[in-house]
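Each remark here refers to the structure printed beneath this line.
As written, the chains take the letters A, B, C, D and E, and residue 1 is the first residue of each chain.
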Amino acid sequence: MHTHVKLTLRTPPDLPVDAQSLIPESFVGKDQADIGALPLLLGNRSVTVADFFDVAILPADPGDGRTEEAREGGTLHLCGDLSRFKHIGEQMACGRVVVDGSVGSHAGAFMTGGALDVNGEAGDYLGAHMSGGRITVRGSAGHFVGAAYRGYVFGMTGGSICIHGDAGHMVGARLRRGLVAVGGSCGDLAAYGMRAGTVLIGGKSRVRAGANMVRGTVILLTPPEAIMPTFRYNCVYCPGFWPILHASLAGLGLDFPGVSPQAVFESYSGDINEGGRGEILLCRNAN
Amino acid sequence: MLRIVNGRVHDPSHGVGGEVRDIYIQDGRIVSGEGLDPAQARDMETLDAAGCAVLPGGVDIHSHIAGAKVNSGRIMCPEDHYGHVRAATDVTRPGCGLIVPSTYETGYLYSQLGYTTVFEAAVPPIEARHAHEELMDIPMLDTGCFAVMGNNYLVMKVLNDPDPVRRRERLRGLVPWLLRASRAFAVKVVNPGGVEDWKWNAGAADLDTPTPPFGVTPRQIVTGLAEAVDSLGLPHPMHLHCNHLGDPGNVETTLATMETLSGHRTHFTHLQYHAYGRTKKGGFTSGAARLAEYLDAHPEFTCDVGQIVFGNTLTMTSDAPMEFKLHKMRGAKWGNCDIEMEGGSGLVPVRYAPKVLVNAIQWAVGLELLLLIKNPWQVFLTTDHPNAGPFTAYPEIIRLLMDADYRRSWLEKLHPRVRRRTVLFDLDREYDLDEIAVITRAGTARRLGLSSKGHLGAGADADVAVYPILSDKAAMFSRPRFVLKQGELVVRDGQIVAERTGRTLCVAPEGYRQLPEDLAETFAGCYTVKLANYMVEDEYLRRPEVVPCG
Amino acid sequence: MQLHQDVVCTFCGCLCDDLEVEVEDNVIVGVKKACVIGKNKLFHDSHPDAPPPSIAGREVSIEEAIDEAARILARARYPLIYGLSSTTSEAQRELVAIAEKTKGTIDNPSSY
Amino acid sequence: MGEARNRADLIIYWGCNPVETHMRHLSRYSSLAKGLYTPEGRKGRKVVAIDIRPTPTTKGADLFLQVKPGNTFEIASVLRALLRGERLEEEAVAAVAGVPLASWREVAEAIKACRYGVLFFGLGVTQCRGSDINVEQVGLLIQDANVHTRFYGLAMRGHGNVNGSNQVMTWLTGYPMSVNFSHGFAQFNPGEFSVLPMLARGEPDAALIVATDPGAHLPADAVRHLRSIPTVAIDPHKNQTTPWATVVIPVAPSGVAAAGTFYRMDNVPLRVRKLIESPYPSDEEVLAAMKERIDHALRA
Amino acid sequence: MRINGVEIVDTFAEAFPMHGARVRVTAVNDRWTRQAALAATGFATSVIGCGIEAGIEGASPETPDGRPGLDCLFFGMSRDALEKQLLKRIGQAIMTAPTSACFDGGLPECPDQEPETLPIGGKIRYFGDGHQSSKVIDGRRYWRIPVMEGEFVIDESFATAKGVGGGNFMILAQSDEAALAAAEAAVAAIGAVRGVILPFPGGIVRSGSQVGSRYAFLPASTNIAFCPTIRGRVPGTVLPRGVNSVLEIVIDGLTPEVVAEATRLGVLAACRDGVVQITAGNYGGKLGKHHFHLCRLLS
């Protein structure tokens, strides 16, 4: 069934809201009253979707129907400043969530499929532990993008996260599989302890990128503040997969002017404390 | 008064094996229904146990539920808690965790399985105050703890005394003092000498490896402490975790320890971990049959199994060197804590997988012990929670014991070579409900010396578990119809309906009231706390109950 | 005068437990073996500079203050319970229970 | 700490200055203490200090490495690599944290050579860039060290019972800090449920402050938010919070006028005593009463 | 029928199912792409002696890495044989060539078949001796094998499908010059068809074969019915008088349709002066599954 539901926030709340229910699966086949009655947690009390949002069930948007995700699971369209709404799109398996505005933390966490598009900013733990699907954020994201919650050995295990703006610390930390790409800059400890997968930072990355990584690739298109002493320099070359990844990123809407598909990279192996099978690729073209 | 009617009562202590009987309860105790006016009985609050088995409340002889290392385990494994949560209700507080549950959750989960008494199996005296603080926050259960002494400096100093008479006498003074200092219930020995050895960076201790600084051997430690425990008449014998836990071929060490201790009442804990033979290439095989044979011939010995449960868990033991070995082997997280002059402890998360040969053998060895040891009063059900698995797996293990077909159905899930290394799949024995009652409550209570627990005779604590009789024994034991704690209904249909505070069980044998001067001086020389601040105060015991020594 | 032996100093995480404290007329008059900071803390704790119980700056009884605190916390929709670092574990337990009841957040200064 | 006193022949102080902050630490528990197997006290031990500036603690060390701030993680990483015998190229890694690689080799060799080493680390490690990840890395360093010898690490905890608060919270909630009960069960997430970021985001609508002085210790924006919401302060003393707190409740100081349990930095719990009478109830009594009244109000 | 005066014999070419795969070779420039492709497809004229048949299909329409690429088709009698040869040829001829990379060209022309893949990159990776790594991009796994010059990138798996091997036709001409000119014209014409290759040198075979031999150790021998020099003494000769030279075009393709189309274009182009007859080889229709009737194709 093809559903297109639009929720428009009337007034942003002054307390954090747990919004686990805001995933397409909760909306499919429901009428306006059912949707309005879906639960949210405002601070420590239960409220409903209707307490905050104007609910509209729209005819299938032919534009949205173009994407495979929306055809399969319907589209949930959220409008307004949802920066205090946490857990939007958490555990979604299909369909598409489009947010015109910003979202709070844990957006798309544990996602297994579908698409989450945020035309605004995202909070911490964006796509944490996600295993499939794709997330696109037009603005910036907080800390722990695609990372693991405390105690887990692995964070994200599949899918892709694409951030056009900046990201905070620990981008892609403990990544097991998948792609995290940040167009802008990021904080410390990008790809910390990653097991495999790809983390790409377009802008400035701060310190300790790739620290304790086991396998996988950290691609830095802008020179970082420092490279961990536990990485060993290899050589300068153009990795054979880079043109392929470059094209793939372009498909996701991430363009890096000045970084060509034939760009050459300084290659480092590390972290030697964890076996040294990971790599940092440091783009040379950019300067 | 309250009565439980129409249930099939399994009270092996009194030879009652499934007969329909009514149980009467008054003031938290079981009372005799004889001579009761039928009219009076009708007016009583009545629980209908038709179609149910009525058993004494469960008594766990060895579990890790409170204290420094358990709490470190909680900190180490937040990921265990996220998916296992209990929201507050009108009668319960919130809780979380499965492998290392929070204190309230521990009480609730045990109670929901029909357990009413649980012992924390390893508490170093200097950290006993912490263990008691946590025990105070475990509802639903009577609890107690065992004080670890196998690597204690003062104990070794006394054992080093060349004069055997004086040595025995001083040990008979020191052991009660340590029990009182830690308000403990029994004497625990963990890898005697081996932990101290490790602090010296030495290899694993054999029975006759001299332990620095005195050169006391593990053999001397276990015999000395076993003698002391015997002569003090402690309700529970020495609770021994042997050397070489987990090593292939360790059954030789275990048998040698048994020979040394033959004639002394001893409880060998998590024997599964000490029952491995060795192939020519150094691989694991089962040594369970040899140990079972030995136990069959030695009624003074008992054991609990420490049955492996497949899945994730966290090992935690005072056997610090073993934990470090495990950490290096698995590349897993590791926590360690050396406890001043008394021992150590370590923590490593593990996953037991049926397709891993060693794990499959461990799993089979535990079941073999349970099935090969003839007398159920000598072998008890534990998972050494959470080392071999969480206690919440007890119903599943009971099913494995009661249903041979189900047990055999596991063969295909296991590593294929397990068949050659064990005899489990040649065993047809099936436990009946009475035997289950023995290994989970009657036997453990008796071995702990708790005369008012583990049975349903008049005068017993009214700790009762009522299970619906189902063909799926795992389902039966995982959702009791009723659980009563001290005569009050606390669980109905598997759900907590009331919270009750249990008692703390401890002992008070005669011994040193104060340390003799030389030991006090030693204490001052090696401890960083003052003697005056060492003994656990009365404030840390909720509803204390002193179990008398024999 | 009372002499307390083997007193535990509560200032830092060392918990030195060998202090000797002299008390006279319910006031600490002497501290031995403690470090300077510990000694000062003991004297300070003995010195009556407690704030008067108050609500919005108005002096009230302890009971009234507790009542008002309970009212505030019961009403709150996202209360924060913070501190715990210099009090007993017995008090910390009560704080956890309050956090549970008020469905609030509890944190201590060791957080990051 | 008994083990440090009795066994340690190598002591490393890193990012801590016990001579000034834990003044009796050295003589009772660490470098200066005479223990069972360390009868010579200081003479029998090697002492290494790592800090960003000279302190009285570093002055007493056999080896002092003055490091550039914010490099804890790098230092731990390099020491790990050295302990693991990894090749480090001098041309690439001439210095770490401003200290030549040769000096770090010396530290690594000292660790390998010792019989029983103890690392005490303080705020310089835990509160510098990387915070909890630094502690994780120091933990890995300790693991690597244990391949060679017995080596032990301990955080120098500040306030008397901050460790106790971690312990109590852990056994009751499952987590040592940063716990939220909005859903009726405990959720743990430092950052999301930590005091500083929460106040910075302006989330709490009421606060109960016990046994700490946010007015003195927290940053200005955090205090600003606290001042804008109903705040209850419970403290034995006037402090920088009590003048503006909505409700102020004086209590008896723990360990002086109220008894109870404190946890030492190495998890040894001790009972603190009541030495004098206070006109005020203890924290425990106030909070127990408050809990009952909250319960009553919520059930009403 | 006759085209341009050349007789088209009313017979059919008999062809067999073969397992095919498309390998897309890229390199820094056309020169090195061609070197790698030539080496990989070299000595792959007939399964009889080479174990595989292969050829360069043409320039890649697009390449994953945006570099110049050539598509090569490989045909083997079984999936196993195909895998074995691909491993050898990619490993020895493509991986060894400077700047090369190697991708699965896909088989879009065979959508109806159950997709089956061979783990070519998944096995060649072991050349990396533990230092290989993989990269998943858009759901596709590439292996990266360190080599002295940089790294060799190859798809983890390659699609295979059942194609057609042994499509053919014979050009019977008055002179060897005429035969060769006609055959060359046919090869040029077939070059426009995607999905087919002509495995023999330059696309042309002169030593066409028959099944079997009088010698026990040979599975095939010279196609005596088409050899002009023994026309007089071979009873079963099919050569009309005046034919002095015969050349054969052998076509392997991914589908019967493309083989048919290649045959059609090839025959048309070969109908030139000096060519007497065009016919095709078959075994009476008993052995091969695919039959390509020349006259039907051309009408």
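Keep this in mind: a contact is a pair of C-beta atoms (placed from the backbone, for glycine too) under 8 Å apart; a residue touches a chain by one contact, two chains touch by 3 or more.
The model shown is predicted, which means the values in this text are computed figures rather than measured ones.
Chains that count as touching both subunit A and subunit D, per the definition above, are B, C. Chain centres here are C-alpha means, and the one lying farthest from subunit C is E. Ranked by C-beta contact pairs, the top pair of chains is C-D. The chain with its Cα centroid farthest from the Cα centroid of subunit D is E.
Between the CA-based centres of subunit D and subunit E the separation comes to 73 Å, rounded to the whole angstrom.
Centroids of subunit A and subunit E (each the mean of its C-alpha atoms) stand 47 Å apart. Between the Cα centres of subunit A and subunit C there is a gap of 44 Å. In subunit E, there is no position where the chain touches two or more neighbouring chains simultaneously. Counting only residues that touch two or more partner chains, subunit A has 15-16, 43-44, 149-150.
With touch defined as above, residues shared between interfaces to two or more other chains in subunit C number as follows: 8, 17, 77-78, 89, 93, 97, 100-104. Chain pairs that touch one another, listed by label: A-B, A-C, A-D, A-E, B-C, B-D, C-D.
Those residues of subunit D that touch subunit C in the shared complex are 21-25, 28-29, 126, 131-132, 156-169, 172-173, 176-184, 190-191, 193-196, 198-199, 203-212, 214, 217, 230, 232, 235-238, 242, 246-251, 253-265, 268-273, 275-284, 286-291, 293-298. Considering their complex, residues 66, 68, 70-72, 74-75, 78, 81-82, 85-88, 94-97, 101-105, 126-127, 129-130, 133-134, 137, 153, 198-201, 213, 324, 327-328, 334, 336-341, 525-529, 533, 537, 539 of subunit B touch subunit D.
Residues 76-80, 82 of subunit B are the ones touching subunit A in the complex.
For subunit D in complex with subunit A, the touching residues are 73-74, 77-78, 80-81, 84, 86-89, 92-93, 96, 129-130, 133, 137, 140, 144, 181-183, 188-192, 202-203, 205. Partner subunit C is touched in their complex by these residues of subunit B: 88, 93-94, 133, 137, 529-530, 532-533.
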